[in-house]
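Labels A, B, C and D are assigned to the chains in the order they are written; within every chain, residues are numbered from 1.
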Amino acid sequence: MEQTDVRERVARLLAEHDPARTDRLAFLRARFDAGLAWVHFPVGLGGLAAPRAHQVLVDEELAAAGAPDNDPRRIGIGLGMAAPTVLRYGTEEQQHRFLRPLWTGEEVWCQLFSEPGAGSDLAALATRAVRDGDGWVVNGQKVWTSSAHTARWAILVARTDPDVPKHAGITYFVCDMTDPGVEVRPLRQITGEAEFNEVFLTDVRIPDTHRLGPVGDGWRVAQTTLNNERVAIGGQAMPREGGMIGVVARTWRDHPELRTPDLHQRLLGSWVDAEVARLTGERLRQQLASGQPGPEGAAMKLSFARLAQELSGLEVELLGEDGLEYDDWSMRRPEIVDFTGREAGYRYLRAKGNSIEGGTSEILRNIIAERVLGLPAEPRGDKDLPWKELPR
Amino acid sequence: MEQTDVRERVARLLAEHDPARTDRLAFLRARFDAGLAWVHFPVGLGGLAAPRAHQVLVDEELAAAGAPDNDPRRIGIGLGMAAPTVLRYGTEEQQHRFLRPLWTGEEVWCQLFSEPGAGSDLAALATRAVRDGDGWVVNGQKVWTSSAHTARWAILVARTDPDVPKHAGITYFVCDMTDPGVEVRPLRQITGEAEFNEVFLTDVRIPDTHRLGPVGDGWRVAQTTLNNERVAIGGQAMPREGGMIGVVARTWRDHPELRTPDLHQRLLGSWVDAEVARLTGERLRQQLASGQPGPEGAAMKLSFARLAQELSGLEVELLGEDGLEYDDWSMRRPEIVDFTGREAGYRYLRAKGNSIEGGTSEILRNIIAERVLGLPAEPRGDKDLPWKELPR
Amino acid sequence: MSGEVDLLYSEVEEELRASVRALLARKASAEAVLGRCESAEPYDPALWRALAADLGLAGLAVPEADGGAGAGWREVAVVMEELGRSAAPVPYLGGAVLGTAALLAAGGGGLLPDVAGGRRVAVLAVPLTSGPGAALPATVAADGAGVLRGRVTSVADALVADVLLVPARDADGVAGLYAVAAGDVEIVRRTSLDLTRPVAHVLLDGAHGQLVAAGELAEAAVRRALLVGAGMLASEQLGIAEWCLATTVAYVRERRQFGRAVGSFQALKHRLADLWLEVVGARAAARYAAATLAADDPDAEVAVAVAQAYCGALAVRAAEECIQLHGGIGMTWEHPAHLYLKRAKADQLALGTPGHHRAELGRLVGVHM
Amino acid sequence: MSGEVDLLYSEVEEELRASVRALLARKASAEAVLGRCESAEPYDPALWRALAADLGLAGLAVPEADGGAGAGWREVAVVMEELGRSAAPVPYLGGAVLGTAALLAAGGGGLLPDVAGGRRVAVLAVPLTSGPGAALPATVAADGAGVLRGRVTSVADALVADVLLVPARDADGVAGLYAVAAGDVEIVRRTSLDLTRPVAHVLLDGAHGQLVAAGELAEAAVRRALLVGAGMLASEQLGIAEWCLATTVAYVRERRQFGRAVGSFQALKHRLADLWLEVVGARAAARYAAATLAADDPDAEVAVAVAQAYCGALAVRAAEECIQLHGGIGMTWEHPAHLYLKRAKADQLALGTPGHHRAELGRLVGVHM
């Protein structure tokens, strides 16, 4: 599939569905059916089996023509995590059932992975799925679920065999969030908002046709989900002074009266770090584009968290009296989180989560140390014991 | 024993041995015999069984009277490590044989503990001592031995039983450094100097009467030695701007032309850290004096190393062109090491050892985490295996 | 300098600590504090009565002749440590520290007995961000009859003040410190980062002030109050850091992941050891500041600058580590860690940032640019 | 800015790296380097011939018309990385980078063919600590006939220069860049912190200089050389950091204490992961500096300032971690770690400290005090 072929298909889509006169959803469905949703996906599933790099072209040309997009930030979990997993492990039937409404945004997805007792150590999860006829009955508690209250479907990992070691007894499902056994409770954060939820699962029924991958193979399936999460976080390009550094540099330039030599030195140091992080991301992007993916994605997430935390802390100090205030503590359930949105106090508090969510900085350092540097793993006593015998 | 009694004894010593007209060694011997060497030691062994706090009084009054001291920096290992161990574990005969010439400086001591394969993990040591009639034959290699070339005696730990777990098969000896099987080779450091030595032990004979503590109990005996090492390092009082901060602050004040805002901010930060470390030391000293010893000794050593490294690095930067130079690379064997002596480049390089020698900063952090904070130990596989079966 | 200064806690101080801690454990649990800071009445009047009047802590630093306990700033520092450790919502900093220190230096203005007895709260009306050594603020004008017009922004504890001690200048630029009844001014509560010590703007539109001190005495009183306040704040910051460290250590000893207590992982152990190291340093620095303030030692300015530069950053770091090492649970509203993070961050701005105090120190000890 | 700039290594660059690395592995082992820097002849002339003439690296950035390889600063940066990785004692920075960059900007003065062919080493005579943007040094005076008097202190690689490129000013204050035969000046070797790149003072007492460029051209040539030098030094610093990280990782994988490889202890793993993270950043920053210098991109000044601010500190940190994590063995003269520590520390001062470059950056991007 050449660039010119792709360009031609875009032109045809636009000719047949003038964005100015087509219903948003109708356009998105037509785009999916034309294979222009995600060009590297197979034909018939929204793609053209084309190189991933061509997607940029499609997105640019459609944006230029005023075509609607699928509001990717609202459906990030579906796009970034559920879709690659369904593509890789789903049956043909599952792929055709789930991917189109996922991509168009008709069906929002969420992720039922973490539990109160299984965070970094996800494989310790205790939510049980018990076979019952041609389906499963699920009981347990999940946490840190964004979009749970708007989601139609969830990707879910549950324990189907407690008698084998913990990584071996997990199975991966698609869970219907409208099941009466699913209860979603907002989980308020230190910012005052509730971006996330707790999800209580009580006798939730899942048909076996909604299982992804073999029984007991859920850990391997989940790796696809999680690896795609990390790639998604690390892959964005950024302009100079993009992100938190831009916010703080702007405050600095606008408020000469707040400047001190101490803050000046610290800001210059962070400016350098931010620019180096930006160049690192740019280099990673070039590596991916030239087919040499590197392990720098983990680096990006670590750097991003550190920078966001340092800079947002510095901004509060810089603001002086204004730094003592907060915009609004009332509990809200935002659909989209903008790390640099709202005011300095919010940014400061929200940034604390950057080194926890989606893999803590500690876990990322372990991964770098072991997978990139080849350092030996910690001695572990939990890998070979049956799950039910593990101390808790 | 009251302060007044101690004062009286000092007066009597000075009256009977006028420092101005007494040979240095004769005076030191007389001081020892008067129980004024270390007042908290037992009577007959240089002490008066008095509170340790009275020693300050003795030292001050004798110094004021112009009495010679025993040049404690030259014989630090004997005073700080060998003496407390001989006192605690030595037989009466050993105590009377060793302590007096140790304190007067007639006999210098060194420490044969570390080995190339046993640094932080001292208990892994491989130097073997094999029973032979009424004595022992020792073979092995030791390293990081300061004063080995001037020492008459060494405290030595050696493996006497390889068939039991590593902590259980160690015995503690006093080794005669004039034995023909002892070979001392200087070990040159990154500063160019050789403060330390490697010591090769080949069929060295040690009479059983030079064993300290029971056979196989050497690990416990060595703890006395090592704990005293750490106390000695942490216990010194310091004036404001003492140590490395004083050196750098002086350079700063003397050279306005070298100042930059970057270095200014960093120097102010280090000034605060140095003053806080000084106050911490002062507080520790007050705690000890009031009989509430705290675990802050380890804190002092860590802070000292970090400050010395930061400040000496900053000083080289501050000096600019002069920082590119070094005073002298020629190999020397100094008897006494002055961390702030010589020039900036030397200070910078020498300070690197502060976080390695006498317990690495990593080991000290482990100790704080486990003994002070009560955090669990790492899982270990090496504690119960016979030493000879350990992987190496 | 510190040669003669006692850096330990006396037995009396330890007893004081024990009684404050016991009271706070009963009346200022994490749930209670969290519930209150979301209510319409963010301060706890019953707790304040128990602390100020029953335990007599409002007048700790006030001489007995003025109705106080005749103790001093060393003892107040111990109370501040405990208040930091509980993030309790009481007007101790604004009232018993800043207000009282200003009154003590200004001659009292007849207010000390009521203040010391906990019957009235007299809060120093300065922006919480004012550092020691800052010039007396000129945002309030006084006329010859003591009628005041102007505003003071970001005043800590103003919400529950009975009396505001307002620095002002008259038409000739002469400074004065005026006592103003809270009912005579408008107090505008701000939505504050620190949930447990909200700031408020004080608007004066013709309020009548009683002159407590004039001229250099007024300026000196405000300077002294800010210096004492900054020094005492270091002990509060120490208390915050101690709570964060202890809470984190307890959590990582219990929390298991990968079949082990997460506190057995060496990277966490080393970080907590480093944090402990800094807490130990903060304790020495805060004690030295309190002791020199108590003794009117000429080294107090250096001592306060060192303590603030060190403890201000440490409390924030400790609270940040507390949240990070708790993982997700530390990010929740239900867990009290955020109360300490918010208090620590606001405290970092309060009475001079660490950078402000380092700059001050450079001046005091001759490490100039 | 970086939108169009290639931050990867091309295949040609990777081949160049491989051949340089192979040569250095053969001729500049740690023992060889250590032995040489203690000898009377601290530079290795055979190694220099092999690198400069045989591999043609002296003229990498010189156009083919002037006898060079017609490559550019991207390729020179790759060589600098490898030289950093081996701490090899060759006059590449002073000659092939600083000297050549000055000649290229100044018009060559007829020296380029010999310099590019590795037959003569032309070293820029400026103090190694000179940062880009510094004013042309005024320590050497030229008369109308090109006779030079004065001194230039702390010149890198002067010891083995054939020609010194000396910035000077005439009696009217007009700048000139003069080529002076090394035999006509006195070169005083200094005992240097960096054993593998000693500095020397250059004393000119009536030496005759050939004018290479005058006036603004001379000033621009020196400015350009310092900018290029600082940018290329970032790649050397990257190479140092890479060696330190790789050597430390290899060591902690092998070294056993407490029955485990010490590299399995999490505190060490996390520190090394953080160091790797910084090395990854340094690579991107150094590549960007090299690419913008190669393309004469207007963003080169920002790129160099960023790269130097970052890589200068990183190389030192990496060398310090290398020594710490090697424990005692890293403190010995026999282990090569100290060669890198000394090089890294001297490099931190060279061509502007990180603080200098941060200040420069503040000016360039408008983050002012």
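Following the convention adopted for this analysis, contacts are C-beta pairs under 8 Å (C-beta built on N, C-alpha and C of every residue); 3 or more make two chains touch, one makes a residue touch a chain.
Computed from a prediction, not measured in an experiment: that's the story for all the values here.
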From chain B, the most remote chain by mean C-alpha position: A
Chain C and chain D, separation of their C-alpha mean positions in angstrom: 52
Distance between chain centroids, defined by C-alpha means - chain B, chain D (Å): 42
Cα-centroid distance, chain B relative to chain C, in whole angstrom: 43
Rounded Å distance, chain A centre to chain B centre (Cα mean): 54
For chain A, residues that touch 2 or more chains besides their own: 261-262, 264-265, 362, 365, 378-379, 381
Residues of chain C engaged with two or more neighbouring chains: 260, 265-270, 358-359, 369
Touch-based graph of the chains, sorted into line, ring, star, complete or other: complete
For the chain B and chain C complex, residues of the former touching the latter: 239-240, 249, 252-253, 259, 261, 264-265, 267-269, 271-273, 275-280, 282-283, 286-287, 290, 292, 296, 299, 302-303, 362, 364-366, 368-370, 372-379
In the complex, chain B residues that touch chain D: 114, 116, 118-121, 124, 143-144, 187-190, 192, 260-263, 309, 313, 316-317, 320-321, 323-329, 345, 348-349, 352-353, 355-357, 360-362, 365, 378, 380-382, 385, 390-392
Complex contacts: residues of chain D adjacent to chain B: 38, 127-129, 153-154, 190-195, 199, 256-260, 265, 267-268, 316, 320, 323-324, 327-334, 337-338, 341-342, 345-346, 348-349, 353-356, 358-359, 369
Touching residues (chain side chain B, partner chain A) in the complex: 261-262, 264-265, 379, 381
Interface residues, chain C side, partner chain D - complex: 265-270
